[in-house]
Amino acid sequence: MTTPIEIIESDDPLANPWRVALVRPDGRPAVHETDERYVMTFPHLILREIILFQVVVIVLSLAAILFNAPLESIANPVETPNPAKAPWYFLGLQELLHYFPPVVAGVVLPALVGICLVVIPYWRVNLEGAPLWAAPSRWKAPAIAASVILLSILFAAFSCWPIVIPTVIIGVAMFAAHAVRPGGRWQWLWGVTLPEWIMTWFVVIAVVLTVIGTFFRGPGWSWVWPWMDAPRG
Amino acid sequence: MTVGEWVRNTSVYRSVIRHGIAPTNRNRSLIIFENLFLHVHPVKVREKTLRFTHTFWLGGITLASTIILVATGILLMFYYHPSVPQAYRDMKELQYVVDNGVFLRNLHRWSAHLMVFSAFLHMLRVFYHRAYRPPRQFNWVVGVVLLLLTLLLSYTGYLLPWDQLAFWGVSVGTNMAKQAPLVGERVRFFLLGGNIVSENALLRFYVLHCVVLPVALLLLISVHIWRVRKDGGVQGPPDDERRSL
Amino acid sequence: MTLRRLFALSSLAFLIVLAFSPVKNALRPYRALQRQFRVVGIARASSGKAAEVYSSRPIAIQQVWIPELNNRVDRCTTCHLGVVDAAMTSAPEPFRTHPPTFHTPRDVQRFGCTACHGGEGLATDEEDAHGTSADATSPILPTEFIEAGCGRCHDAEAVRDAPTLSAGRALMTKSNCFACHKARGHEDFRADAPPLETLSMKTGAEWLRRWLSNPKAVDANATMPNFQLTGDDIKVLSHYLFARPVPPQLQHAIELAGAEPNGDSARGKTLFAESRCISCHTVGGKGNGSAPELGTIASRASRGWLIAFVRDPHAFYPQTKMPRYSFTDADVRDIVAWFEDELKDFDAPADILTPLRVNQTFAEKGEKLFKSAGCFACHSGVKEGERFGPDLYGIGELKATSLDFGKRSDLPRTLAAWLDAKISTPRSFASGLKMPTFAFDAAQKRAIVTALLAIPAIPVPDAYRSTPVQQAAIVPAGPVGEIMTRYRCLSCHQIGRAGGDISTAPLTFEGSKVNHDWLVNYLAVPYSIRPIIAERMPVLKVSKEEAGKLADAIAMIYVDPSTPDDPFLGRPASDHDAAEGERLYTTFGCRSCHIIGKTGGYYGPPLTETKARLKPGWVFRFLQNPQRWRADVRCPNYGMTDTDALRLTAYLETLAEAPAVPVAAAAPARKEAAK
Amino acid sequence: MPELEGMFGPEVEEEETPGRRDFFTQIGVGACAVVAVASGIVTLDYLEPKVLFEPSTTYVAGSPLDFAPGVVVPNQEKKAFVIGAANGIYALSAVCTHLGCITRYKSDESAIACPCHGSRFDLEGNVTHGPAPRPLPWLDVSQDANGNLVVDTGIVIARGKVFRP
Amino acid sequence: MRRRSLLIVIALVLVATSCRRANRPASAVAIARPTQYELRLGKEVYQSYCIGCHGDSGAGDGFNAFNLDPHPRDLSDPVFQKGKSNAELADAIRRGGAGVGLTSLMPPWGHTLDDRHIDAVVVYIRSMKR
């Protein structure tokens, strides 16, 4: 029983019994590959899944043993803690509220993000996956530069530096990608598509805002350094 | 004959598990397709999808934390009364009286954070691996809705301990919802069952957290996972440009 | 690392990590303590059967659940297992029996533990239950302030077994805390600080400057705190106070009095001593101290003002506790003449009583300061809703984390330390704070902190509140009432629960106690009933007619219905009874405290004049239970039978001499007693 | 299905020796089984309430002097009767032995009647009429430190055991 | 199988020992000292009722002592303290001098003070030992 795993590569349906039918590439499901190594789901995948589950439980249990879930004093509608913070995943939004009118920060921007996420797979530019500078065109560079500058100015008008700074950095990086030489250490930068640039921009902003909201905001939503004692309010 | 063998020879055992235990490919295949839950898997998988960097197992982590959340959540419900001030006192009871209560509550809380976090990372992974492309467009949308549901679940659960953190977190959150033009006020009114965060709000959040949202989540998770299989299994990094349309 | 090895390892880790919580749970400290308690209990058990009870105790969480008391759940007895177990007296903590108090052990099921002690009743581990961590929701009350626990239910009374709490409450009232701060039960509080209308004719700018910069330094009896006013503040306040118009009648009276000829200083000195002014005032620190020090009175108030004031204090100061003595005009002139001769600050500058020339601009500034500094709260009274300082509601249950420690980084982060600092040096927390500085000593501070800690966030339910019968003092209307008001009987005597605490003789049932004729004489010329107490009732110069009216009213109104007029029920006591009573007097050892004839102790009043002074029914009831009317009467209860009490009464009723031992004979004992 | 055997290809083996592989598998499966069984037990332990918020089964019925022979004092809340007898005092459960309705005392007939299905009991709890299958149980009566009667509805005692104060 | 169970046992023991808390009650035989509360109560009672004859320090030199014959007991005397048990002291306070065969000048306090006050006074008297 010491024979190594034998991978059967064959188009013979009898030798590859999991493949019930062959379908054409333009149909569904899109199963194209015939030249890959296959292994039995049991035990290879199942065991990994079990281990994954166990590891997740172990990590969470250790967290549960070491750190108690927060529980403050009973809710008191007349005593507002300062600052009153939403759960951490909403703190980016709450931070936005600091800069923009409530309608913009609380409704327009989240709704925009939600819509954007939903429509991603239905946009051609997302599906093509061509690097940003792959197809040179006359209007592309000026349009991107204009967008970055306009967005920067727009957000700067609200003094929303946590958005302006990432915007400028991403903008600079986009043009830097244009300049990278193929074959160098930075080649991957050239391969980044426009949707990826936008998503990165969004993620960086979300992370920056959330981190600021979580750690750098004290009483009255004023700026505090997390390693200093926050003044009691 | 060992006890194990005897058990495996009983007709009851054989009515439930129809395959042998010898490590043959046939038995291993039967394990998969004779099991409702494993049936979502194919009998064989592409070896490279097992690589860690293929998916970073982020969907699996999210699912694992969901399972933990359901299990611990059901147990916690046994000791929870959605009323003021008993809800808060129940937290203390879990901590001081109920055996392992504080462990389960911690586990539930941290799993919830992990679920939000890993679901978000999962979405990013799928995006950067361009795994939303056809035929997976619909599953991407399902995933976005799942992320939203995850956030809502975490948020509704946030109020249930009825402590200062919960109360003011939810007050701030629902006031953000109030900003929506036209419907904002109504949405908040319906969500809270009133104009203030009160016992009504606690009950509504409880029902949403324990019934409405979990049912929706589990249904959509089934769709999501089923579609993973139907759309050709997990999709890793787009190294294979043949597949781009 | 192969997959299976990984699986084996992660499964083991899975098992170990998951086992953590149940094992930790099984090893919770209270379980170990309960096992330990079994051992301790068996070692201390008096019988095999008792030991059996200890050894069969289940290991389980114990709790006292009181739905009626804010749904309180106290699990303290999970570890403090011997709280009501008499066998655990002097056992090691946490098993020790609760020290006996009025409510323990009998009321443990009724109140639980945290109602008095604070702490987190739901908790089953030491740290959380005692709330020792800085952010604990409900820290346990330190033993030092434990009487605060009594005050949660006894929220409006002096509690006999809680002297610190009672002292704190009395001190807060006396210090006029409630003039500025709102507190439950004190909504109608009115400070009785003197009105300032006649100040410009009473004193001078220099004296006022000294007073405002530190009242206690001028007069140790001052209740006014130190507002830490700057020189400018004092200047503008002085201008404002001197600018206030004097009511014409008083102005007239003061001016007339100032123009009267000088009196006889020597006679004034005698009168002053006779009148026992030091029952309330002090002279050179000697005296009761509840009224101003008179040692330098002539450097404090002008002669005219003093004469006019002593003649009719109530016209100047309606809320004053000072009686209006029935002095003649000459008497007052003489007394003030003695003041002018002797009771003077001889080091003071000559112009200490020179009035200020008012500058109107300063006076206007001063008026603003009078309001902004809060002077008006005591001196003009405040309307409801205008209290100056923060509310005291719930101050006893503030969380340490919610307190503003301001600049005081030196303090421990506890409520008690914060309160203590607030009443010691209120302005040290931040600049611009307005609370003045009181000069409390350590014991007083402890008492006030105790009283403050007794103010709960949520009052206990009514069923648990001890609500003493709030009976107002019954003071008859009409002429007798006027006499009683004039002589301010209630400043010293208690009637019911109202009245002052200077006299040890409440008037509530005085009519049942003393004979009418004796009382008439006593009111006219009071003397010291108890030789060891030098303080006695002041000689108010009550006329015979007034004394008669008062005695009539007392005999009629202040009567205890349960005290018989005639304990002998119509069968007069025989000589034999009296003889038996005399024997009992010796048997009981009454002479260790009382004087009859020439021998006996100075602790109680001499009994030589019993027949003249006391009614037999009262003596009889008193002998049966001396603490019947006042719980703090020192005479022991001998548990006498009715016959014995009656015989002793019969004996005491034979005693009708004048006091055998003159007051002065007891002089050596006085100093002791004054302590 | 032996004919299908070939479709699955030969058995797949890994590089390890069977003994080692078995050992690791057994450790893994064994640990998982222990976790499964233990979590079941721990869950049961978790579900067992450790403290109860239930009203006490005892109550103070009053002074023994209040129970002259023939006096019947019902307690609606605690579902019991305290009855004075010639030779002492006893307590009866007021819960009908038929279907658990609360019986009532009819003073004019000196009987205990159940409003639901017409069962009747005499003052010693014996069934005199109706569907009740058993007599009303007698409850424990004792005296506290103040001399008051304490009834414990949680303790059933032998019939006829009258408490003598 | 044996190795497996051994491993599990070792693991469990490790877990068990690592989370044991050092929270042990004092030994069963130790006698606790009087609480501050008892001392305070005892002092209050003493100063109300006893100080007149027995004096501030218990030396029997109260202001009323001069007229008493026999003289009040010196409560701070170590010999006296050693010779009397707490129960005897409490009994003398409760029943008075006459009750325990001594002078009737020491009154009985049993009807005035309850047991906890008397016990507290005894505790306080013990603290006055020279």
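Per-chain residue numbering starts at 1, and chain names A, B, C, D and E are given in the order in which the chains are listed.
In this section, contacts are C-beta pairs under 8 Å (C-beta built on N, C-alpha and C of every residue); 3 or more make two chains touch, one makes a residue touch a chain.
All of these numbers come straight from a predicted model, not from anything done at the bench.
Undergrad: Contact counts by the stated rule: is the higher one at A-C or A-B?
TA: Most C-beta pairs in contact, of the two: A-B.
Undergrad: Quick check on this structure: which chain has its C-alpha centroid closest to the centroid of all protein C-alpha atoms?
TA: So the chain nearest the centre of the shown protein is C.
Undergrad: Rounded to the nearest whole Å, what is the centre-to-centre distance of chain A and chain D, using the mean of the C-alpha atoms as each centre?
TA: 57
Undergrad: Take the average of all CA coordinates in chain B, do the same for chain D, and state the distance between these two points in whole angstrom.
TA: 40
Undergrad: If you average the CA atoms of chain B and of chain C, how far apart do the two points sit, in angstrom?
TA: 65
Undergrad: Once you find the CA centre of chain D and the CA centre of chain E, what distance in Å lies between them?
TA: Averaging C-alpha atoms per chain gives centres 46 Å apart.
Undergrad: Got the chain A residues that touch at least 2 other chains?
TA: Residue numbers touching two or more other chains: 17, 39-40, 43-44, 48, 50, 57, 61, 64-65, 73-74, 79.
Undergrad: Could you list the positions in chain D whose residues touch two or more of the other chains?
TA: Those would be 7-15, 23, 27, 30-32, 34, 42, 45, 50-51.
Undergrad: Going through chain C residue by residue, note those that touch at least 2 other chains and give them in order.
TA: Each of 4, 7, 10-12, 14-15, 18-22, 24, 61, 75 in chain C touches at least two other chains.
Undergrad: Can you list the residues on chain C that touch chain E in the complex?
TA: 12, 15-16, 19-20, 23-24, 27, 29, 32-33, 36-37, 39-40, 43-44, 90-96, 99-101, 126, 143-144, 146, 161, 163, 532, 586-589, 591-593, 599-603, 626-627, 632, 634, 636-639, 668-669, 672-673
Undergrad: Mind pulling up the chain B residues that touch chain D in the complex?
TA: Touch list, chain B to chain D: 23-26, 28-29, 75, 78, 93, 97-101, 104.
Undergrad: Can you list the residues on chain C that touch chain D in the complex?
TA: 2, 4-5, 7-8, 10-12, 14-15, 18-19, 22, 60-61, 63, 65, 73, 75
Undergrad: List the residues on chain A that touch chain B in their complex, please.
TA: My answer: residues 7, 16-18, 28-33, 36-46, 48-49, 52-53, 56-57, 60-61, 63-65, 67-77, 79-81, 84-90, 93-94, 97, 102-103, 105-107, 114, 117-118, 120-122, 126-129, 195-196, 199, 203.
Undergrad: What residues of chain D sit close enough to touch chain B in their complex?
TA: Chain D reaches chain B through residues 1, 4-5, 7-13, 42-43, 45-48, 50-51.
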